[in-house]
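Structures incoming, each one as structure tokens.
Next come two complexes, and both contain chain A; in the first it sits with chain B, in the second with chain C.
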Partner chain A sequence: MSGQCAQEAQPGLDPRSRLLCALGLCVAVAVCRSWPAALAGLGFGAACLALNSGRWGALARRLALVNVFFLGLIATVPLAVPGDPLLRLGSLAFTREGLMLALHMTAKGNAIFLIFWGLVQPLSPPRLGSALSALGVPDKLCLILSLTFRYLDLMRHEWDRLVTAARLRGFTPGTSRRAWGTYGLLLALLFMRAMDKSAAIHQAMICRGFDGRFRSLGGLRWRAVDTALGVAACAGIVLVAVLERGSA
Partner chain B sequence: MHISEGVLSAPVLAGGAVLAVAGIAVGLRKLEGEALVRTGVLSAAFFAASLVHLPIGPSSIHLVLSGLMGAMLGFAAFPAIFVGLLLQALLFQFGGLTVLGVNAVVMGLPAVICGLAARPLLSRSGPAFAVGAFACGALSILGSLTLLYLALVLSGDALSVFAGLFFWAHLALMGIEGAITLVILGFLKRMRPELF
Partner chain C sequence: MTLVELEGLTCGYQDRVVLADLNLRLDEGQRLGLAGHTGSGKTTLLKAIMGLVTPTGGVVRILGSECRQNGDFTQARRVLGYLFQNSDDQLFCPTVLEDVAFGPLNLGASQAEARAVALECLSMVGLCGFEERLTHRLSGGEKRLTSLAGVLAMRPKALLLDEPTTGLDPESKARVAEVLRGLDLALLVVSHEWDFLTQVTNRYFTLSHGHLHEAAEAPHLHHHVHSLGDLPHSHD
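Let's turn to the complex of A and B:
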């Protein structure tokens, strides 16, 4: 993957263990229906935060953003679920059962977000690509992921350059047909340049021996700590299953 | 256009994952050499374009451009959209691992269908091209909103009010996406007629 030349294993957890444990825990929490299992998921999420190095401010901002969506659910789900009315809005009843269901979804969503933040968010896209490749994801998909990440910054700079050039020629952003037409043309130029660039990139890759296969320079190494994380995740999944069965 | 984690039922999540795997497999099947590299670089360009906020009154919106992806990439739009969603989850935590399949189907399936269906019209000129380009952008959004509505409603009646509000609140995007797709495809047809 781009930006990663060292073949040596990097310190810390193997991205494969992070990814597999996150997937297992997220699926277990996503399909649970009981409150004890959802609360256990929140506990797992809080525990997983120990595996992400700080960035508490960013976490708080992202968490707030995630919960804006859940505020929408809390406002609407109680209107669609029949039950004991807490509040009446004309002919609509805001029910206790609906509120509890919305809060349950919110708990699950936050739990999954925290698990993701702790286990997967610390992975850079190149590390994620290496892990996916090592886990048997098709080479072509890993290559698209690698190229998308590699050229994302370039495309953003290209867009900034196009907008700056347009502004220097008197373009004023706004909500008018002319402004939106200009945005459309700038986007068309961005895509045209991306296509031209892709042809040059492909030629350059062939010159460097590209044969269509994705070769990761990931330097992955499964250690005892990865096995320990896997065992802990399996225990967590079993706990969710037991709590589900107990609440059924 | 994402669904957050923790909302959808297990059968919907599983169905989305299965359909997404099938869509990716079909999309990757014929992707080789330069087409593969072009998909990756265009995916980066689409990702960059989706981060652009266009002013609309006192607020702003960001574009989806899924119909345009379908028109330019065909079946390859599906893996490109999947990769875009995966990176969005990783970089911005929009969406997540369990809903990745559903979100990829919600955005990718209408994009591929509209892109392929519009190609005969896009190869012509005049009003037929304009209708094809506009419909490609607009109907792709309509398809995504419909699939999103279905995913929410199939997960339980409790989400029906939210699903309805989400659908109607985003319907105006159809016109905006259709118009922008028309401008972009019109420019590309003039500058790169061999594409269509």
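Let's turn to the complex of A and C:
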């Protein structure tokens, strides 16, 4: 057997400061209506990326995925907002006001995504759980977050197994009534197995002294750098407010 | 000191009797092995001791005090460590260190104490360096050893192990056996692998038709062509 294990202290920012700053900046960006404030938000997002080391490929993929959703908005919102028509599609008008609104939403959405990617994405689930718990989020929500992260993978494997088993017996995915019926059955089976699993997990938790409270190893330490991040985030929120008032 | 005592324990599901009028005693330092066919009630027996299934009759005593309701078993669960058959049921925290520290934190240890106990138990099972690994990405053997570390972190007096070698490769099995042999704890091991039982326990029982039978002589692995080849038996 090997010797005594040792563990190094967690370096870097306290997850609480990351969460609080992300929350404050995101709310400020989400409620702004002016273009300068939204662009400032994008600037904050870009600055926050400095706090998430590397993983540029993953960022590009996620960003592309987010913007597919916004492309949908850009295509549909201008048809629903009245105003100066840029082009007409039969009786529908694609308006300039609608386009500007959709682009504004896209800018804000991207800003919020970047802020989260920079500040919250680097947190491991246990650290996120500890931070949420320390910030007063109810135990039940922290537990759900922790257990979801742990068992999502298991559910996916179970679903893959079920679908593979069905395919091996001649099931072909499609949109026929029979295919939908089979999907229904597979989903029902997945829920049944998830229920059995949850009962077993609960028993295992009880055996290890679980009494409904979320406890974690913590390891949170607020340092000067966290205060500096907080001050920077507050300055950012004030800047958004000033830009918003200036363009009102 | 007697840790677990079962007297006339009867358990069943609907109209099927799984355990019938069963008696068993586990004393401090004893190492009992229990074998039986699938569905013979081995897991039900362990769950009844932990208070996870309600018996239809009989008495369960842990450390001399009778346990009937869920509340009575709370104290018992501090003394008895139960290793589940499926490690995925037991590893519910995202990372290894958090999972092993789960029990001590629930028992009131401070964060620093829980961390120290968790690190010590990980070192006991030979998993140093696994602290920040994600539990769902571990191999079968690593999952089993992490679960064992999690149970040991509760500082139990006895371990109840349900098929600890299921699904493990020979190397992992040998490692689990080595860890168990090195523990100074009472053991009640359920397994259908006699060779594993002979490595970690020294008294053997079989469970069939709801009754326990103690094997008269120490079982050993040998090859047979007759129908009792995989069951303990004598040749007189």
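Throughout what follows, the second predicted complex is superposed on the first by the 215 of 248 C-alpha atoms of A that agree within 3 Å, B and C clash if a C-alpha of one lies under 4 Å from a C-alpha of the other, contacts with A are read in each partner's own complex, and residues count from 1 in each chain.
Here is the rule we go by: a residue touches a chain if its C-beta (ideal position, glycine included) is under 8 Å from a C-beta of that chain, and two chains touch if they have at least 3 such contacts.
Quantities reported herein were computed from a predicted structural model and do not represent experimental measurements.
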Considering only touches as defined above, state whether A:G219 meets chain B (first), chain C (second), both or neither.
second
For A:K197, is the partner it touches chain B (first), chain C (second), both, or none of the two (neither)?
both
Using the superposition on chain A described above, determine whether A:G57 touches chain B (first), chain C (second), both, or neither.
neither
Which of chain B and chain C A:P125 touches, first, second, both or neither
both
Look at A:V81 in the shared chain and tell me whether it touches chain B only, chain C only, both, or neither; answer first, second, both or neither.
first
Does chain B (first) or chain C (second) touch A:R208, or do both, or does neither?
second
Mind working out whether A:G136 is in touch with chain B, chain C, both or neither, as first, second, both or neither?
neither
Once chain A of both complexes is superposed, is A:L154 in touch with chain B (first), chain C (second), both, or neither?
both
Touch check for A:G184: first (chain B), second (chain C), both, or neither?
first
The chain contacting more residues of chain A, comparing chain B with chain C, is B
Hey, what residues of chain A end up touching chain B and chain C alike?
125, 146-147, 149-151, 154, 197, 201, 205
Enumerate the contact residues on chain A facing chain C in the complex.
1-7, 124-126, 146-147, 149-151, 153-154, 197, 200-201, 203-211, 213, 215-219
Touching chain A in the complex: which residues of chain C?
47, 50, 52, 77-78, 81-82, 84, 86, 88-95, 97-98, 101-103, 105-107, 111, 114-115, 118-120, 122-129, 131-132, 135-136, 150-151, 154, 179, 182
Can you tell me which positions in chain A touch chain B when the two form their complex?
22-23, 26-27, 29-31, 62, 65-66, 69-70, 72-73, 76-77, 79-81, 98, 101-102, 105-113, 116-117, 120-121, 123, 125, 128, 138, 140-141, 143-152, 154-156, 158-159, 173-175, 179-181, 183-185, 187-195, 197-199, 201-202, 205, 212
Complex contact set, residues of chain B against chain A
4-10, 13, 24, 28, 31-34, 36-49, 51-52, 54-57, 63, 65, 68, 72, 79-80, 82-84, 86-87, 89-93, 96-99, 157-162, 165, 179-180, 182-185, 187-188, 191-192
